[in-house]
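Lettered A, B, C, D and E in written order, each chain numbered from 1.
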Amino acid sequence: MAYFLELLISGALTGLMYSLVALGFVLIYKSAGVPNLAQGALVMTAGYAVWLVMAWGLHVWIAIPLAAAIMFGFGLVVERLLLRRMVGQPVIMVVMLTLGLEILLRGMVPGILGSTPKPIDLGIDFAPIIIGDVFINRTSLYGGIIALALVGASLLFFRTRTGTKLRAVSDDHVSSWAVGISVERAIGISWGLAGIAAVVAGALWGSSQGVDWTLSALLFPAVAVVILGGVDSVPGVLVGGILVGVLGTVIPGYLDSFAGGSTRDVVTSLIILLTIMVRPFGIFGREDIERI
Amino acid sequence: EDVKFGLLQDFTAVYTFVTGQYNQGQQDYLALVNAEGTLGDGNTVTAIVRDTGNQPQRGIEAYNRAKEEGAVLFDFLSTPVSAAILDQAQADKNVVITPAHGRGDASDGTVFPYVFPMFATYWAQAAALIEHMKETGGLEGKKIAIVHIDSPFGREPGPILQALSEQEKFEFQAFPYASPGNEQSAAWSEVRRYRPDYVLIWGAGGGQAVSVRTAIQNGIRPEQIHSVIWLAETDAANVGPQMKGVKRFEATASGTDHPIIQRIQEKVIDAGKGSGDQANVGTSYYNLGVATMAVAVEAARLGMEGGQPLTGDALKAGFEKIAGFDAEGLMPPVTYTAEDHQGGGAGRVSEWDGEKWVPVSEWHAAYPELIRQVIEESAAKYAAEH
Amino acid sequence: MSDHTLVCDNVVRRFGGVVALKNVSVAVNRGEIFGLVGPNGSGKTTLVNAITGFYPPQEGTITLDGQQINGLKPFRIASMGVARTFQNVALFHGMSVLDNILMGRHIFMKPNPLASFFYPWWAQKEEVAHRRHVEEVIDLLQLAPARDEHVDVIPLGLQKRVELARALCAEPRLLVLDEPMAGMNQEEKEYMVRFILDAQEALGLTVLIIEHHMDVVTALCDRVLVLNNGQEIAQGPAREAIADPRVVEAYIGKPRHAA
Amino acid sequence: MPALVLENVEVIYDKVFLAIKGVSLEVGEGEMVALLGSNGAGKSTTLKSISGLLGPERGLVTRGEIRWGDRSILNMGAPERVAGGLVHVLEGRRIFGHLTPDENLVAAYRGRSVARFNELREQVYAYFPRLRERIKSKAGYLSGGEQQMLAIGRALMTEPRLIMLDEPSLGLSPLLVQEIFGIIGEINAREGLSVLLVEQNAAATLDIVSRAYLIEQGQVVMSGAAEVLKSNPDVQDFYLGGAEHTDYRNVKHYRRRKRWLA
Amino acid sequence: MFYRLSGTYHTSYQADRKLWKIPTDRWLVIGLLVLALLAPLYVSPLYLGSYVLPWVIWSAAALSLTLLMGLAGQLHFGFAAVMAIGAYASIHLVRAGVPFELALLLSGLISAVIGAIFGGAALRVKGLYLVMATLAMQYLVDWVVVNVPAISGGAHATLRTPAVSFLFFPIESLSARYWLALGWAVLLTVFFMNVKRTSFGRALVAIRDKDFAAAVIGVDPFRTKLMAFFTSSFMGGVTGAILAFCFYRAVTPEQFGFNVSIQLVAMVLVGGLGSVIGSWLGAGFVLLAPIFLTNLVSGLAASGWVPVSQNFLSHLPLMIYGAMIIGFLLLEPLGLAKIYDNIRKYFLVWPFRHARS
């Protein structure tokens, strides 16, 4: 029972750590209508940025905001150079563009900054929090709390007027222009915000596994999170994250001893596949309106 | 005459954690060889370096090109790429070295005449770590948890542990985690409940740091943790001071106070001919790279005694003439024969003291008969299938 | 068999809480042009979608020449002889005008990957036979000059005509037109009316047409059904139904010119 | 002084397709002007060149001049032009389908003052009481007419001085057409808003506008006061349906050429 | 100039639907075919084996995928998994004693069935969701291949292809392997072009463009999509087998990983969705451009012209590859096929500047 509880908690917290990656995806999708498959690479880039800034000798509390500023700027640049020209293109083009970006970043960032894993020391205590027989990892716990806070902030953000405008942009670029919304700025902001989310994810994940290109592999669980929660739903990020984390921890926790191999990727794949088959728009996602 | 080595490795995908330093060591050593004229007769050696991204098709392309350019020895540092090219390289009679990667049974030179695993295979590494546990705390009735990445590489030590557990009467259980291993909490929750006496971690790259961290967070003492060869200075930096006490297998010594490394520093690095970041000199993977080339160059030198230019055949013969070579103390003495391409499979265990790796055992091969038996069985199976 | 081509009997269709069609019944005679009018959102398109199988009715039955078709998939209904056009032009924008119209012959062809791969002579012959038929329709609708154009570069009026051509190529028993004249000026409307009449005459079609242009409706339709909020408010000969005070109030409005 | 002036504007799509060639027109302050023409004549293109929305369709103004007040606006981005008081209600409504009608209005409001926003919103609901009834449902599920009202209301939220309407009556029932036309006239009269109206429904349009341009194949072929155009025999034949009622059952297959093309 | 349009009239509907309507085109194609057939005579084994041969095979793969993505509009980001199924199936079949010719066919069918099952599962959705579903399929197939020793061949996960012969010709020498691959690629090319001009191809395009409009003229969307998945997976499966037997001659799971799927999509896109010539050009470009550019840069680096680190140099192909995808999408979204088309049009109307449309 304690084992189950521990799996449950650590799964949920891990899931929330995935949510951090997924949040960036949703932010961009919800406000620009772009499925950003480069979010993993963005997290990696952010991890490198945090490492780089800390390597200059800056304290964490300065390094992270600075890295966030860098990534926000980076998001704006990406919008300016790439996304701006993809307005109105079919989804395959946009998907492929973000994948191209992911490949480019995966080459460029480690190519320039080095590909051996870089350490990030956030100063989080190693010792777990122990409740009864249940151990809780501090990094995940803080990650989970931050994820909750960021999701809350995003929810509030989309209620504001700027948020409404961003949602309008994701609906229809041309009519946004027609009523005077600057689509470019809106998309730029959304990429910038996703860049900031990536910094949090990159710093936390980087502190536990080191910063190298494998951070970009976080995209896959994050994709499962957004599919399950709904690609454009901020609360979906939370619920999806927790579910993906728990299922991806609990099921392998019991199955692996029988199945012989680690089944987590299978669980993640099945979550994606089953969600799409049963409820394509996820738990909270909006349905496409198609009038014949 | 210019001898060419094809170092067609994975700089961008799965092996990035090692390739940079490893390849730097290789290139710097070759630069040293040329500076010192080790090959004699004014012969030089050149490295053809290319990235394969762990992708077989790019490996094949790179191999063909390097072959055309005259390379006689290849190091892919990537199991899939090595596997994809193995047959063709054998047919072309080109030497492929597979240090710390590739298939262990290639140590059987009768079945794989042109393949040289060079150092202790993963099987030998597992055996060495088990033996070390036996010597430090005894094995009978003890419990070993093996926490490994879920891939063919991670499952490699399985058969050896199985065989040894019967022989040494210990109990073991495997705890796989999903690749790439950035999140292993579920596996370690289980390990904690298993209450192991020793823990064997078997992964690579960022996953190793996560293993050590999560292990410690689950109340496992660093001294209990034993790692496959893939645990180095970068991981220690990543984990932080808590890693003090963790042990690993090593095939070559680390650090800069070895004659060869010192001479590299002097004649290559200080001369501005180094191939990468100075800070890497003397790291475990750097030294591993140096050792591979030291052996290879020695083989080339011996091979060219029989005549020039050097062919793959002559190089193979050169390898098989190497006896008791230890790269001036950088590595255990190795001896290759037509049957044994592993060179004995010696290694040692070292411990992280917070700053560097300190050896805690002597260079030697653990359970050599058992390892040899496993190698031959597996090779025979391969031979039967082909 | 009755002389009704299409019979809808007490059709009900709901979307979530919205009842888009409430017990709508209608019978369309063979060879007749039947009009379907009503305010926006009154359920006209929904009725057509129910007939063509996109939103099958939750209650009630729809029969085509006595055969029940509700519940069938759209492509089945199509192959039984119901062709339609869409309110928002729905052409295949990746194809030329000719290929779009050829698609109309689809129900008579058997697409088969193997035959397509090898394109044997019998497949070629079939293709040519269909092409001949298509050319007749192209002539009828005066589309020849646009035959090789890409559909998305031709003006909307022509696109609507291509859509009509595509529907005609299926040699339907029942042709359903959803606002074929929306966005057209007087001249284009006149052309369209002419084509519909010609086609009906030449092919002996039964036509169900949704239209907001009252002059067209009165000129074209034998009878009309007026819907409001998913319910019938009038049915009968065009001029009479439209003059019904409830229809005027809900749909037509008071005449612009008193004179 | 005219508020909006187009001089010899030429638009090319995809670098090759010449959609309008040398269109010149004017809209005066508070004036209501119509742009008539058959399908594909280039009406929407003209409007887009004014509102700056050609970009996404790979269109470009290659020649000519567009002035708004005393400024040339050719180099301005679309949002800037909206800020300057030009707003375009696109063909086919194109409301934000996933937003509620209310949020559609929020998205279009550019200023910061909440009081002003509430005022504008009340005004929109006053013009279009039906919208208030559907305030909670997603705009994508509104009926065609309601969407058209929302599109116009949304445009009014930008506090324009000139509103361009592209086929507002498309697909609307006769009653709604009357209603919409009535409201457009009302807005024009009450707020002194200039209106540039593109319509197929020539009869209704010529009743409410003061002047009109007739555009065919990318060129203005005729212009003048509404009354004058109404009495032109060609306009009557091709746009108004002859004298009063056409006998559709007996229209000719082949018709005479339009005189202005001769 | 080269093209003669005047004097070519089509007097029958059949002629109007010819594959190559212009005589010059016809001659060009025949010429290219002869050149391709004779390649082993004048291309060095290095270039034949490591550039031409993979190009031919990947072109076949791109053609298979573009049938699904370009014609039917069904996005597929797990096509490498389909090819993996074909490759593994063919090896196991041949090992079990099935003649190679039959094994090719069967492995195609197995891929087709599995591919269609996955396709069928995802048929309710399109666009992004289809991308994700096929991506999940990629991971599932990967997992099964890696974790079922009966498929992957155990811990080392490398299966060698047995020696085989095709219609009594041993597929052993480089030339023989090349010809077999070429034959398959040419066959697929002709198939593909035929598909485009028949009702099956039109139905695919119709489904892609407007599925409800297709339904209303009698196209069964489900069946048609399924058929598209089936056909394309069949082609992909056989191509996977050809890839295993003619090029790698050994299979490992890494050969068919997610990145390979992406690479295939990149080929299709860079070439131009749904275009035959584009598949060939795209495959060649995506496969070879990074290699050539990297060789160029490393040549420059070796000669000391551009001082770059080994690490940077090694990451260069990735950067080039990513930048190339981005560049094409931004500058010529319609791909190489469009560029080719523009050049061809230029010559068609030469000496005039603009085409009619």
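We adopt the following convention: a residue touches a chain if its C-beta (ideal position, glycine included) is under 8 Å from a C-beta of that chain, and two chains touch if they have at least 3 such contacts.
Please read these numbers as outputs of a predicted model, since none were measured by experiment.
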> By label order, what chains touch subunit A and subunit B together?
Replying inline: E
> Greatest Cα-centroid separation from subunit A: which chain?
Replying inline: C
> So which has more C-beta pairs touching, A-D or A-E?
Replying inline: A-E
>> Let me check something: if the centre of a chain is the mean of its CA atoms, which chain is farthest from subunit E?
In response: D
> What whole-Å value do you get for the distance between subunit A and subunit D if each is reduced to the mean of its CA atoms?
Replying inline: 43
>> What's the distance between the Cα centroids of subunit B and subunit E, rounded to whole Å?
In response: 38
> Centre to centre, by mean C-alpha position, how many angstrom separate subunit A and subunit C?
Replying inline: 47
> In angstrom, rounded to a whole number, how far apart do the mean CA points of subunit C and subunit E lie?
Replying inline: 41
> What positions in subunit B touch 2 or more of the other chains?
Replying inline: 11-12, 19-20
>> Can you pull out the residues of subunit C that are in contact with at least two other chains?
In response: 54, 86-88, 90, 153
> What parts of subunit D, by residue number, touch at least two of the other chains?
Replying inline: 141
> Which of the residues in subunit B end up touching subunit E in this complex?
Replying inline: 11-12, 19-20, 23-24, 27, 49-51, 53-58, 60-61, 64-65, 67-68, 79-80, 83-84, 86-88, 103, 151-152, 155-156, 275-276, 385-386
>> Using the touch definition from the top, list the residues of subunit B that touch subunit A in their complex.
In response: 11-12, 16-17, 19-21, 150, 175-183, 185-187, 189-190, 192-193, 205-207, 209-210, 213-214, 216-219, 234-235, 237-238, 240, 242, 277
> Where on subunit D is subunit A touching in the complex?
Replying inline: 51-53, 56-57, 77-79, 81-83, 87-90, 94-99, 103-104, 106-110, 138, 140-141, 154-155, 157-158
> Quick one: in the complex, what on subunit E touches subunit A?
Replying inline: 69, 75, 121-122, 124-125, 127-129, 131-133, 135-137, 139-140, 143, 146-147, 212, 262, 265-266, 269, 273, 311-312, 314-326, 329-330, 333
> Can you name the residues of subunit E that touch subunit B in the complex?
Replying inline: 46, 49-51, 54, 146, 154-158, 160, 247-250, 252-255, 259-260, 291, 294, 298, 309-311, 313-318
